[in-house]
Amino acid sequence: MTQLLKNYAVLLLSCPDRKGIVASVSRFIYEHNGNIVHAEQYTDTEKGRFFMRIEWELEGFKLKRKQISSFFSPLAQRFQMEWSLHFTDYIPNVAIFVSKTSHCLYELLLRQQSGEIGANIRLIISNHPDLKPVAETFGVPYYVFPVTPENKEKVEQEELLLLKEHKIDLIVLARYMQILTPAFVAHYPNRIINIHHSFLPAFAGPHPYHQARERGVKVIGATSHYVTAELDAGPIIEQDVIRVSHRDRIADLIRKGRDIEKLVLARAVKLHLENRIIVYENRTIVFDT
Amino acid sequence: MTQLLKNYAVLLLSCPDRKGIVASVSRFIYEHNGNIVHAEQYTDTEKGRFFMRIEWELEGFKLKRKQISSFFSPLAQRFQMEWSLHFTDYIPNVAIFVSKTSHCLYELLLRQQSGEIGANIRLIISNHPDLKPVAETFGVPYYVFPVTPENKEKVEQEELLLLKEHKIDLIVLARYMQILTPAFVAHYPNRIINIHHSFLPAFAGPHPYHQARERGVKVIGATSHYVTAELDAGPIIEQDVIRVSHRDRIADLIRKGRDIEKLVLARAVKLHLENRIIVYENRTIVFDT
Amino acid sequence: MTQLLKNYAVLLLSCPDRKGIVASVSRFIYEHNGNIVHAEQYTDTEKGRFFMRIEWELEGFKLKRKQISSFFSPLAQRFQMEWSLHFTDYIPNVAIFVSKTSHCLYELLLRQQSGEIGANIRLIISNHPDLKPVAETFGVPYYVFPVTPENKEKVEQEELLLLKEHKIDLIVLARYMQILTPAFVAHYPNRIINIHHSFLPAFAGPHPYHQARERGVKVIGATSHYVTAELDAGPIIEQDVIRVSHRDRIADLIRKGRDIEKLVLARAVKLHLENRIIVYENRTIVFDT
Amino acid sequence: MTQLLKNYAVLLLSCPDRKGIVASVSRFIYEHNGNIVHAEQYTDTEKGRFFMRIEWELEGFKLKRKQISSFFSPLAQRFQMEWSLHFTDYIPNVAIFVSKTSHCLYELLLRQQSGEIGANIRLIISNHPDLKPVAETFGVPYYVFPVTPENKEKVEQEELLLLKEHKIDLIVLARYMQILTPAFVAHYPNRIINIHHSFLPAFAGPHPYHQARERGVKVIGATSHYVTAELDAGPIIEQDVIRVSHRDRIADLIRKGRDIEKLVLARAVKLHLENRIIVYENRTIVFDT
């Protein structure tokens, strides 16, 4: 699935559905000598909207990277497209927010190390010092910002400065047990990914495993979603579940849950970093084949 | 898992946890020359309660079936047990309630026909005539009771008469689109099994697939539970899920959901009929190995 | 996923990979006023081969159905395409071969009845009379051809006559316990779908569950594949698995296996009938999104 | 599932099936004032053999640990039991063998660190120096033994010395790419656990992903098993699978496979260390509830 070695352009677009979109976009690429290596489309017939992800080789392509946007722009306007252009050799800058639990952090660091996730993990921010040794092992700077109700706004300002300074493209909340303010979230629309340890919309809030045990469910889940101003209500990127039974106490649910939390989060981050997601009306279109 | 040909006694029990329960129960069986073929236990350490399912061969057992309860009673009292005794050659009488969709009904009838579910399906009750031909194919009497807000109570009285007449042990709501009154439910505590087409507690109520589509979930579920006075809030017996994507419209969710609804319901009914479930404080202990 | 009500053309093609394929095909459709509703492509970079499935609305399309092939032909030749054209309102004729077990047969008949599988099930052929009542329930003609080593060739000749007479497009072996001769298979290349009750290539041959029990596996599988001259070695369309344990005896494996056999077979048949499969060098490219 | 804080005795036993086993064993425990917290049994009716795992609290138990075996021995002889006694506060010594890939090693080290796996990981042995930094991060001694066909026997002698010196109870082959000699294996019967990167018995041998790609399977698997003299043929402990498609190249299969390899291995190691496995005639009875 991931394209190795070669460089590619990736175009993500959506527009009102009408005839000629695919023909026009593919002709644009072909006319400039591009070889399409992957394309995926989706039409939401209820809303009459068309979505597309198209990927082509940059080698031999007759437009320079800087030119592509301006040359594509007239076509985009004709079809009233919302669109974004990406290059697969750009490695996005990522900041990870954590609290005290390490499994999601390790998962991201190990997958980055093994090359599965293409990211520059520039820094780790935490409200606790506990995971500093993990950060050091992987050579990632670790910043501690203790958060209280009183200093929250001020802390977020400092964090934002740090994030801007490192040109962060994506923030990953890897079991960060603080709620970000809407003001903070507004700086990174659809660019903050959270992992919630339940199968949303069931068991939103801070204690999903206790609720799951109380209700006697036979399956527990994990949900990765973009963070919006409303808690646990942002566009869902990925979900998965694991079977449990009456024998599983809270501690067992936490242990079993870890295995899906980290997997679901890692998948969501990978999808985002590979530019496979379009958000539309609080839902995600995920081009994952 | 199911024991074929031979006859067995099954004892389901729960009591405050203390020493000597297993020793006493197994000695009771051994003293009367019984061969234990399966036993499973569970201790809820938080609540200090012990649960057990134990199964032994009736062949060679020195107590007659009618005697077992009275001989076991003193032991049960000593440990303050709640308990029930079952024999595997008793085939329970089952009534199935349906509305217009057939997939759950077919699933139960076919599994009964193939011997997977040991049940006498004595009758099918519906608020619509649509599925009569299915019932006829399998030779099961089909009763139509159109339900309106006005006649609901009266209809339920007639249904109860019919159920008593056929000595019904278990009622299965196989996508029956009517809510039973608490008065009706009270006649069959933990003996009415429903299938809800969502992963409860997410999306309770009548339109789970529409809610799932609206929320943009990546997994949909089905839940089988005992019916209690509170809608969709009874003890969960079994749940399962299936992956969906942004491409799946309501019609696709309905189609995909059918496959898990019927499986989840069939599993729950089988577990109940094999006396593998104990209900305790609105949760189920399921002995399924 | 399935397109309802409207009629669509579906083009399946493969050719050596080169620039301009997507642009040319999409322009062909656009020039004749077609609206592409779905397109999916795949490039096998090792073999340098391009595969595509593209679907467009026939309403408003300026070529008549009969014209499309001849108009498309020059483009196809230029790119050295292997291709086939299909229309979604053509309902293929299907023959089902069975022996004595009914679960796969029921699954296909019920899904056809509910509209999930778009097929005219024209006839059922068996080497045993056992499932005649099932066929009658659904109003499908049932032909019994007892097979012996001596009469096999002759029987296949008669079956072929019957299949030609009914213009059968697809043969489904729904747990048919006879091996078809290579001569028979040659009449329906990539148009005979079998269900094998193991996770191929493990446990090929007639007794997979016995082998699975003997080897002590913890998961069993089912495999649906196109039938070729070599037994159980044709292109795999779909596979799935289910967990088992040391407790599962042969009878339990057979029971559990039924649930995945019928699902895997039904999915494979649906994929074929919706023209989502291209076979290339004994493997399938499955366009299933 | 795991018992925390308190200490327990675990008895694993198997014997010819006959009446009175459960009664005798549970009475033995009760007579010495033991509280059974978990018990699980299985009868292989084909072979007429009974298997049991029973766990009771040591606190208040009137036999000292050293006495239990001699007191239990007469009962065991009467029933011709094969049996072993374990204490949950004994933390087994584990050696991990690796080559160059790190994902399985990390999985074990991280789960040990988080307390999910109760093991003293005493040393890591490798035929390559590559993973030394990982070992150092977790403070585990790392020994490099380059292996050639010529020196294999001699190397194994040195390794055995090291293992004896550290009183190793369990060897885990975490993607160790060398075949151990039968002579070596004989020192640790049912105490060497391997992870094979396929769904055995499919694709035994060194290149399962290449074979999987070649055969065009739609699901790949991983298998954890005890190592025996015959390659990839030992008793299977745990298996799992993941879906793949025609799009997945060898590199993708390797990537996807990693996720199940490490999970399947970790589960098998945990089951072994918790004394939940009995091996009988090259199959495992796994008491996992």
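Each chain carries a letter (A, B, C and D) given by its place in the written order, and its residues are counted from 1.
Criterion: a residue touches a chain if its C-beta (ideal position, glycine included) is under 8 Å from a C-beta of that chain, and two chains touch if they have at least 3 such contacts.
Please read these numbers as outputs of a predicted model, since none were measured by experiment.
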{"item": "Labels of chains that are neighbours to chain A and to chain C", "value": "B, D"}
{"item": "Winner on C-beta contact pairs when A-D is weighed against B-D", "value": "B-D"}
{"item": "Chain whose Cα centroid lies at the greatest distance from that of chain D", "value": "C"}
{"item": "Inter-chain centre distance, chain B versus chain D - centres from mean C-alpha coordinates, in Å", "value": "37"}
{"item": "Between chain A and chain B, centroid-to-centroid distance (C-alpha), Å", "value": "42"}
{"item": "Touching two or more other chains - residue numbers and ranges from chain B", "value": "245, 247, 289"}
{"item": "Residues of chain B that touch chain A when the two form their complex", "value": "42, 44-46, 199-203, 215-219, 221, 235-241, 245-247, 249, 282-286"}
{"item": "Chain D residues touching chain A - in the complex, by the definition given at the top", "value": "1-2, 4, 102-103, 106, 110, 114, 116, 137, 245, 247-248, 251-252, 255, 259, 263, 289"}
{"item": "Sites on chain D touched by chain B in the complex", "value": "17-24, 26-27, 29-31, 33-41, 43, 289"}
